[in-house]
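Right, one structure below, let's go through it.
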């Protein structure tokens, strides 16, 4: 849990940006591109404000040549409204916010061992930040596999883009309409058993993340997990996004956590917990001056 | 008239400083030293705040080795109160404010002609900024003469200090108790007639400045004049220190003005003036976009 | 090409910026200078019948987000003031607004009557000085009835159109706006300073202002000013001079979108110098140019749609 | 060696910093974290009887000099809130203040009664939310009578000492302070947010907050907060939690000199992170050390001398 850092110079006030491109990635799943030098890292998010409607968080799904994108699944009032927007329409953007996935090149420590096989596990729109991450990983020469799961074929996205940059793309659908018939976790276990996984980065629905986490723990693999939570302010002040017994705030302490922290969050049952019995390493002592 | 510049980073809020040294310079005339790196230029002023009493402007009279000083003549409630202060007492200081005397070394333009004979003309406590200026001028290798006038001998100050750094010191007293029996203007005329004046910097009571200005004009000598005015804010916002038909504010456009501007200010008779007839060179035209 | 001209009652300002009362407006010569330097209109420091010395120094202190002042309505008295305003009216290229204040309704009428002699383009009635209490025991601008009483008294005698300057320090500024417009106000100026506030020097453990407290101005108060202008615009149908924390073109646009016809600038003279009027005008012009607005009129009140 | 311990009614805070209501205080776990990170006491977000969804986003926007929020008093309802407060009370190393609010006097009593179940160290009565009107048609805190009525209703049922939180948006805060103390308030917290204010996005010409207006906090309001604390200290004789724009040790000292017993911190969590409590405590300590103050007590109210 990192101590909330000082906020950066930019005001937490939306910057209005026109949408410069809209791309259909899959059924009810669209990317919106903005002409703005965002300086985000994979896993970080922005908030998108549609005046008169609402403001919601979305992962940055790509950043290149002075453009950045978010990729939005239409699931409710706000995201449906977003899907109605066209090139030239303007929205307010704040961010980038939050922690990010940290990867380094394969030879960064001289051993050649790190990130030999980076496996990205995506559920639903969780693929968005992982596409951005895949591009960064490939750029650093890391061999990367994307395991993407959705209910059905039409919801799968980014296969072409990922394959074109050399990412191995493995799909899993609930109905078997494409790729593996079953869960991403089955594909993951298979990769691991073939020795083709040295680290896992995952993003998707909570139940999927919990199962992926359990697998990573079992095989003693390092992992980084992108979590979600209901958010209001998005920058660490309102307290709405706290998730666990330690008062971790997803918007600022997250959304990306290392495996160990993520597992603690998953296992947290507030009712049965007694904070004073906690003895994890990051417990600060109250200092009296 | 320079367009009001943007204000510097420091807040216009007094910084509390202890007095580190008090020096008697003459009768009812004391220097107060502060341990603070002020970065003032000769002619600029600070405001001194005594909590519960008042806040008043004073020229910086010296700045060296991380100390600066103001030299205060006891003339009324505030300055009398200041004279009661001892080493260790604290006052609030704001500044430095305003314009300053501009001098350059004798050979700065390669002709050796500039400031060959700088003559400083001081009346009363007007000597304060000129002592600071003398130190700077001497440091730049300019041959410098101080003509200091007061009512009587006991009011003369800084002779030793100035002579020790090589400044020629000429006193003039109303009662003839020391130096020339008469006005500084007589001494000045004498210097000029001897060819020992290439530029005049003056500070003192308004009538003295007016006469010095007339002499400078007559002999076509460049001059810089330190003016005073009743001040409230001290940094160009309240409008109390405006002196002339152009809305010049002494605190920000001054207190140091070139001869030509000073003479305009001296000659200004508001009742008889009609702005629309003014055609000085620095009149801006109203622009419409 | 965007046009910055701003119709304000019976006059046209060359641009929407207005020098606010109490900033550099003590002498006619300063008012003229500010007009020449680009203000669309200039307002004098508030004038009263009698000489008032104001508070001892310090009368202004800066804090992280603005200024606090308790100049204490120092004025030179009505005769001097008339000659200063006359000088400004004769020489200023922009309209001149004479600001007046008094300690009771009758004196408001008297000072307004006298100021006619100077022929100002407008009279601005300062009922909102945070440090002056009315004969009824609270600042005029906090009560709809006293606000209305002052307004109609001034309206009765003034030859110039009457602008009433409101305080933000009231539970419901709409009520006050309505009461002064019903009483005859031709326009509203909003807002005067917020608070009051206090700054304590932690070295001496003393309030810095000699008056201890003073009105807050500058960037700190901009959101309150914008909200007040928005509220007033939604309530009454007279032109508004929006004042409070305007420092750059964006701030001015915010005010205009909230409903301001013209935009007052005070503290920003400190932040950006006396050239701030020209600078803000240029910034407004540039915004209009890139956003396809052709007139100030067209932008007014857009945030209400 | 300076001692930062601060006696506040029947408790002793390890240092004078207090997490203000509405900042990170929705869940018990956050309150505990802030206490561990160094706050001398922590205050929950204001709790009401029934679930309230609050306003849609954006609910907070930053401007040059502070924050504006209209969270809209979203709460999870009394049962959930009781369990969160209980968790905090059990696990927090620092005293826990439960903040409550309601839409009428009776409900203030009911929510206060229920919150007893969680055993908070103090109850803070938020009568000053700028966006909630009382049954009498204006915010409770703007009227001495309603303020008193709420105070005595809560005082009657609360097992914990009662802190009443006041609004700065009143003509005379001394009146309100006196009325709540006469009605039994054990302490006062001042101030809640200033305004309200509005920020307009000039690209879309729309107010940014979904609620259009929101309360102003942060550096912008510090002078108003200091003045309010100064006024209250001069009027009544109960401990004061001074809140508003405190970002560093100097600000905290200013509050204490004005008369605060403890110092609330809200928006500065944004500017300096959750470690702000420890940082401000260290800065206070350093000031005391270099200025020969040995206790907070000794510094309180010094600006009044």
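By written order: A, B, C and D. Residues from 1 in each chain.
What we mean here is this: contacts are C-beta pairs under 8 Å (C-beta built on N, C-alpha and C of every residue); 3 or more make two chains touch, one makes a residue touch a chain.
On a predicted model such as this, the values are computed, not experimentally measured, just so you know.
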Both-way neighbours, i.e. chains that touch chain D and touch chain C: none
Intercentroid distance (Cα basis), chain C paired with chain A, Å: 51
Rounded Å distance between chain A and chain D, as computed from the means of their C-alpha atoms: 35
Between chain A and chain B, centroid-to-centroid distance (C-alpha), Å: 65
Touching two or more other chains - residues of chain A: none
Shared interface positions of chain D, touching two or more other chains: 63-64, 199, 203, 206
Touch-based graph of the chains, sorted into line, ring, star, complete or other: line
Interchain contacts, given as pairs of chains that touch: A-D, B-C, C-D
Interfacial residue positions of chain C with respect to chain B in the complex: 2, 4-5, 14-15, 22-38, 45, 54, 56-64, 67, 69, 71, 74, 87, 90-91, 93-94, 199, 201, 203-204, 206, 208, 210, 267, 269-275, 278, 281-282, 285
Residue ranges of chain A touching chain D (in the complex, touch as defined): 3-7, 11-14, 16, 47, 49, 51-56, 90, 92, 232-233, 235-240, 242, 244-249, 270, 274-276, 283-284, 286-289
Contact footprint of chain C on chain D as seen in their complex: 63-66, 68, 138-139, 142, 169-172, 194-200, 202-203, 205-207, 212-213, 216, 219-224, 226-227, 230, 250, 253-254, 257-258, 287, 291, 299, 302-303, 305
